[in-house]
Amino acid sequence: MPQDTSHENLESLVLAVVNSYSEQPSFLPNKEEIIDILEMVRKLLFPGYFKNESTELTDLYFYVGSMMMELGDKLQKQVCRALLHDTTLKGTCGADAESLSAQIAYAFLTKIPKLREILLTDVDATLDGDPAARNKHEIIFAYPGIFAISVYRIAHELHVLGVPLIPRIMTEHAHSITGIDIHPGAAIGHHFFIDHGTGIVVGETTEIGNYVKIYQGVTLGALSTRGGQSLQGKKRHPTLEDEVTVYSSTSILGGETVIGRGAVIGANAFITRSVPPGTRVSIKTPDMDFKTL
Amino acid sequence: MPQDTSHENLESLVLAVVNSYSEQPSFLPNKEEIIDILEMVRKLLFPGYFKNESTELTDLYFYVGSMMMELGDKLQKQVCRALLHDTTLKGTCGADAESLSAQIAYAFLTKIPKLREILLTDVDATLDGDPAARNKHEIIFAYPGIFAISVYRIAHELHVLGVPLIPRIMTEHAHSITGIDIHPGAAIGHHFFIDHGTGIVVGETTEIGNYVKIYQGVTLGALSTRGGQSLQGKKRHPTLEDEVTVYSSTSILGGETVIGRGAVIGANAFITRSVPPGTRVSIKTPDMDFKTL
Amino acid sequence: MPQDTSHENLESLVLAVVNSYSEQPSFLPNKEEIIDILEMVRKLLFPGYFKNESTELTDLYFYVGSMMMELGDKLQKQVCRALLHDTTLKGTCGADAESLSAQIAYAFLTKIPKLREILLTDVDATLDGDPAARNKHEIIFAYPGIFAISVYRIAHELHVLGVPLIPRIMTEHAHSITGIDIHPGAAIGHHFFIDHGTGIVVGETTEIGNYVKIYQGVTLGALSTRGGQSLQGKKRHPTLEDEVTVYSSTSILGGETVIGRGAVIGANAFITRSVPPGTRVSIKTPDMDFKTL
Amino acid sequence: MPQDTSHENLESLVLAVVNSYSEQPSFLPNKEEIIDILEMVRKLLFPGYFKNESTELTDLYFYVGSMMMELGDKLQKQVCRALLHDTTLKGTCGADAESLSAQIAYAFLTKIPKLREILLTDVDATLDGDPAARNKHEIIFAYPGIFAISVYRIAHELHVLGVPLIPRIMTEHAHSITGIDIHPGAAIGHHFFIDHGTGIVVGETTEIGNYVKIYQGVTLGALSTRGGQSLQGKKRHPTLEDEVTVYSSTSILGGETVIGRGAVIGANAFITRSVPPGTRVSIKTPDMDFKTL
Amino acid sequence: MPQDTSHENLESLVLAVVNSYSEQPSFLPNKEEIIDILEMVRKLLFPGYFKNESTELTDLYFYVGSMMMELGDKLQKQVCRALLHDTTLKGTCGADAESLSAQIAYAFLTKIPKLREILLTDVDATLDGDPAARNKHEIIFAYPGIFAISVYRIAHELHVLGVPLIPRIMTEHAHSITGIDIHPGAAIGHHFFIDHGTGIVVGETTEIGNYVKIYQGVTLGALSTRGGQSLQGKKRHPTLEDEVTVYSSTSILGGETVIGRGAVIGANAFITRSVPPGTRVSIKTPDMDFKTL
Amino acid sequence: MPQDTSHENLESLVLAVVNSYSEQPSFLPNKEEIIDILEMVRKLLFPGYFKNESTELTDLYFYVGSMMMELGDKLQKQVCRALLHDTTLKGTCGADAESLSAQIAYAFLTKIPKLREILLTDVDATLDGDPAARNKHEIIFAYPGIFAISVYRIAHELHVLGVPLIPRIMTEHAHSITGIDIHPGAAIGHHFFIDHGTGIVVGETTEIGNYVKIYQGVTLGALSTRGGQSLQGKKRHPTLEDEVTVYSSTSILGGETVIGRGAVIGANAFITRSVPPGTRVSIKTPDMDFKTL
């Protein structure tokens, strides 16, 4: 600080910052807690891969029971905060919000076996699709695609249960880790396979069938968002039927665009209209200029 | 270790590594401290969203004052290290560097209200532009675009104040979190909107006006960097005038390329020349091959 | 929780989750330990940039010796777990696995001076290639390309030594930080330069010569992975000879595709056949539609 | 675990433990938080000695303001829990308890300047009394007597404000650190000096005047506690008037025992009756047996 | 460091230290783990007082089950290390030691309900004995006597099960916290009451009946330990029958000294011979010298 | 907070606290760092007992070298702060203080082998003296007497080297852990044995020969400290010649009191005059009153 920085200067600086604030919401979900919740669900989904220790003494029954109790507790608190926030209620988590958030947390816990079942189909699809994968352990442990899909599937269940804000915080966490941005509102079938992943965008109203494969840089997006908030709730993103494959850096845009069952879309394509089932679409290799240097 | 790994082997291994070193700079900024500084500035910019607790007792005035004092202190230390490093001075932060770094830290603090003002225009632009956004809270809390822009705006102020190394460490931190790489030297107007974000590159000498929107995979780059270090300081990246929109996966290259006011550049375009104001540029949809499988 | 959630409900919920598990592998490498190992190797490779403190008292010889001992110890343990896991042996790290993993850890330590030597060529290439780079310190400290290359080079040495699982966990860690996905099985020469980086994919059987430069969004991939696991071990990814440059968003695919010495591949290209040495390939700029709004 | 330890055995063991529990209070103050509160008050009382950093930038005004806000907040929460616990109310901190605890926390904050004033007299007394003390810094920093007295003075204020449980947790914390056990209910004047300290006991209804000195192993206790709970609230411990000195390992017992102004009680004495002012009491040196070995 | 401190000086310093070492045992129990184990047992013994959170969702059954599994696991590992250490076996925890330590850990778990039962009698005795105690919560939460007794009871069970080293580490931990030093080998009945506590010593071969009360500074010790190691295993410390009370600063010494049922020993006594049942022993108040100052 | 607690009230409260401060010293040693230094020295003194891990890979030579470098560095910084503080110099650790503190830190490192040698004699004395001790491991690991002696010996070396403040902070740390208060200025010979320990006080000018044993509650103190600061530097505490034993709760007072070689002082004695060599002193057992209850 320069010698002449008097106490008065500092005070007026602080006042300038404070005066620039308008009112703030008083209760918000806690991001660290939400990431903790994600980790707990993932430990329940793949217990062998995330447990620190494994010994004869550890009885899985108590381990799972204890973690589910703690998970339900944490989830209830964050859901309560998110509900209050969304309805711009003021004050603490009162009786109504507490009861509703407890029902939601319990309902989520009952979905865990189903989540595990569908995620194992995604692992199978990845093993089938990637010749570089050595075994399922490697896929669960190290593949960003499986990480992003598992976070999406968890977030999507909460989205379906009507939880605001938290699902999006979850998928943005996966986005920052993997570069794969799947909106929690999207609907995705079983045996979903993402290769490499960086740069994938799956929009809010996308519908994806079973046995679908997508590669890095694929966008399933809206034709235009010029309407902004007025488009909220409308189907703006495409539909991919069962067994569709979309190769890298391809964009498929528009809420009325349907890629029919079994279609294969080549790399670098730009699709804004529907494609019939069983069709292979590829861009003609662009003309290239060869010049000796 | 194999049984025959004698003490001598280990010592010679250590010597081999030590001998491979040449001299090292003795003072460098600390990356963890710089990320801490970023978080503190962001708390000052959006106090409601990052505060852990919210109670009647907490008086914003003291909270802000205390944090600004701590921030100024931390920033001064890192700036001092960066200044010394840049000028390859040896030794500790002496009198001259301390005085200069304190002036810079103080000058940065005075910019916070202005930073807050411009960032709120970016939040407004995001709410307008994304139908999936529920409200401003969600945007500030969870949108990678806003994260990257806020880090850029902080880093840019330090860049303007002549701080070496630290601005780039800040924007690379945001790059690793969001996949959005904005060089701190770029100049960007208000109401800037980035959708999804992964894969965006904004080069050092880019100029961007107000109300500009860009989508994932957009590169605002140099035509060539073949000249390497000899190009340092020259304008190598494009200019986007007010109200320009650039859709996904488009590259706009070259220091003399100017995209005129209100122009809209479609997805997947590759622009190396200027575009007049008020023009819509779209690539002709590439010819596609449809083949029934 | 709703009032009527009885103890029995919770127990049956827990049982439903437990019953959904099949058997789990009992020993797996620990991801946090592996990231620690990476950080230690990087400290040994660039000691000045990652050391917390620097004083007269710290004698580099003991610092390096102590860190190498600790590194060898940690690495041996994780390699042992990875070996056991891969061979689906049950039980603890027995005599054979311990001896083998200690040999591997020791062999890795002997590679550190060579790793340092080749990485410094990558730093040189980056300084030459990027006009925005101020000096080597900034590159080592803040450039994602150098981070990803250093992690790849470490992982590749372990891959060559026959270590399963760990190299992939390492490169996926770099992938999540940088968006650059280099398979540890790839072979890459010296003076390798990656600019910006997000969205780069370098496949398992890729071969890259010396003085090669690649830009963001480049894929060095397989033509098809339709054969899945049956393709394991086959060369599926391209070869880039010395001094090749590949600009952004270009895909080069196929195990028989060879890009000849000194060739330059322009942005957005899609290459599935070999390119002769000394050739510049660029896609014809796609036709564009200009329309006044 | 022995091989024959079946799942049933473990379950019955768990049930045996669970069945041994009776009901538990649902809300209790948090010990870690209380120790945190103690540390914060001590930082406010002696700001120079506990601050981590000291730089030109740190403005004491904001530092103190921010810490007092946080302290008031933390204290209010723990007081609320303690009030609920004491009255065996069930449920969360409701409106009445919250309002009362906020009043108490605020009242405590107003006592801080007075606490600081009286503690500085204790520091003065210690410097006067101990020839081994180099200066006030050493005393505040390293003397267990000053630690115990400062914790007692803080706890006593809360005791006077009617806070249950927390004052005792505070003084037991000081007891475990210093071996000095001062009940928060005791009344102690200014310029209080404790030398060495280990083994000192000052009972709940003790009254101590100004300028009093006590040495290690001194007990100011009850003659008998045979009546147990029936004695609660009665004066059971002695009164020491101004300027009394009590040397080591002396016990002074009984609620009606008054040590008059300026009296000096020698080491190893056992006092159960009043001592007039200005009297020196010493035990006759016990007869000793000298035997050549 | 002085300028002339050459590398050679440092190396010879290091060698001097290394050469001063003789061989070291390679496996020792871990003190932090043992303190963790203590905390876990105490949580199982008083679940309401140490649980961080208490909500409807937390089902005690799973909480206890999970903690017992983890406790058994941790205890088994430390017992294994202690067994190996004691028998000066070299190497890792082999098959025999593992099996034995698992049996011991399991046997300890079965003792938890009994431990809880006897500790609640100690809490009752404390409430009866101390008029300053407000309720059982305060005693369990804040009384050093109960802390020391609970640690002793846990350590004693392990001592009875033949575990070396660990019980002593546990009681020394309590000693450092409370100043109460109870050897894990002592045998102590139910309803044991310790007031204040600092300076209490209870020797290895002490036997204490039910309903015994002791005050601060009491030593139950050996007459002499001049024989050193040759006395190992002999009864060297006194026996206190049921309902004995020993007031502060009294020493009772010798393995043949028996304090009969219901006896009351006054403060400051020095007892080296047996005392018949139902006797009150008090030292004659030492002659005191009163002198007006 | 009560509803009517206005911003003004809080501000005036803060001002009241700030105004109660007088000036503060700007640089003080850091207590956590000093405890860290103690732990590092103890690891160097007993490397097997405090190392976390022990494997074939860890080479003691590098481990010790690295720790000594780090220790020297940390010690130099704290000594510099202590020197500045003592001389009430203002400002940072300038050239003179840095050079002096580096010399002191280096001198301390050279004392480590000697410290280790003398501490092993204390361990031997403890094994000889305590029939409850199983082996040296238990003593080093768990005995508070050895902890206090080792901290005293470290602090004494720094005291001899002229370091202010830090030695006292070290011995007060041991005091709080063990209840044993040995002033760093005391001079103590080899084969020193402390049993149990709580309540021991060894004053600043005490001199203790070789093979001395003392028990809990022993005070080696001053006859009077009435002179306060005027006594500073004078010999106020007793001298114990070789092979003296002092049993529990005995006080030996006065700077001219000399306990001759081989003397044995019984429990509860109160010695203010010299005792000839080879004498056994015991208090006559006080008369006791036996009364049947």
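The letters A, B, C, D, E and F name the chains in turn, as written, and every chain counts its residues from 1.
Everything below uses one rule, namely that a contact is a pair of C-beta atoms (placed from the backbone, for glycine too) under 8 Å apart; a residue touches a chain by one contact, two chains touch by 3 or more.
According to UniProt, the chain labels map to these proteins: A, B, C, D, E, F = Serine O-acetyltransferase.
All figures in this text were calculated on a predicted structure; none of them were measured in a lab.
Matched by residue number, over half of the contacts between the chains of A-B recur in the interface of E-F, chosen from C-F, B-D or E-F.
Where chain D touches chain F, the two copies mostly use different residue numbers: shared numbers make up under half of all numbers in play. In this assembly, E is the chain whose CA centroid lies farthest from the centroid of chain B.
Between the CA-based centres of chain A and chain E the separation comes to 52 Å, rounded to the whole angstrom.
Averaging C-alpha coordinates per chain places the centre of chain C 58 Å away from that of chain D.
Taking each chain's centre as the average of its CA atoms, chain B and chain C sit 24 Å apart. Annotation for chain B: residues touching 2 or more other chains are 1, 10, 14, 56-57, 59, 61-62, 65, 68-69, 72, 76, 102, 105, 179, 198-199, 217, 249, 268, 286.
Chain F makes touch with chain E in their complex at residues 44, 47-49, 52, 54, 60-61, 64-65, 68-69, 72, 76, 99, 102-103, 105-106, 109-110, 112-113, 116-117, 127-134, 137-138, 141-144, 177-179, 195-196, 198-199, 216-217, 248-249, 267-268, 285-293. Residues 1-2, 5, 10-11, 13-21, 24-28, 30-31, 85-86, 164-165, 168-169, 172, 175-176, 179, 181, 183, 185, 198-199, 201, 203-204, 217, 219, 221-222, 225, 227-232, 234, 236, 249, 251, 262-264, 268-270, 272, 275, 278-284, 286 of chain A touch chain B in their complex.
Residue ranges of chain A in contact with chain E, taken from their complex: 53, 55-59, 61-63, 65-70, 72-73, 76, 102, 105.
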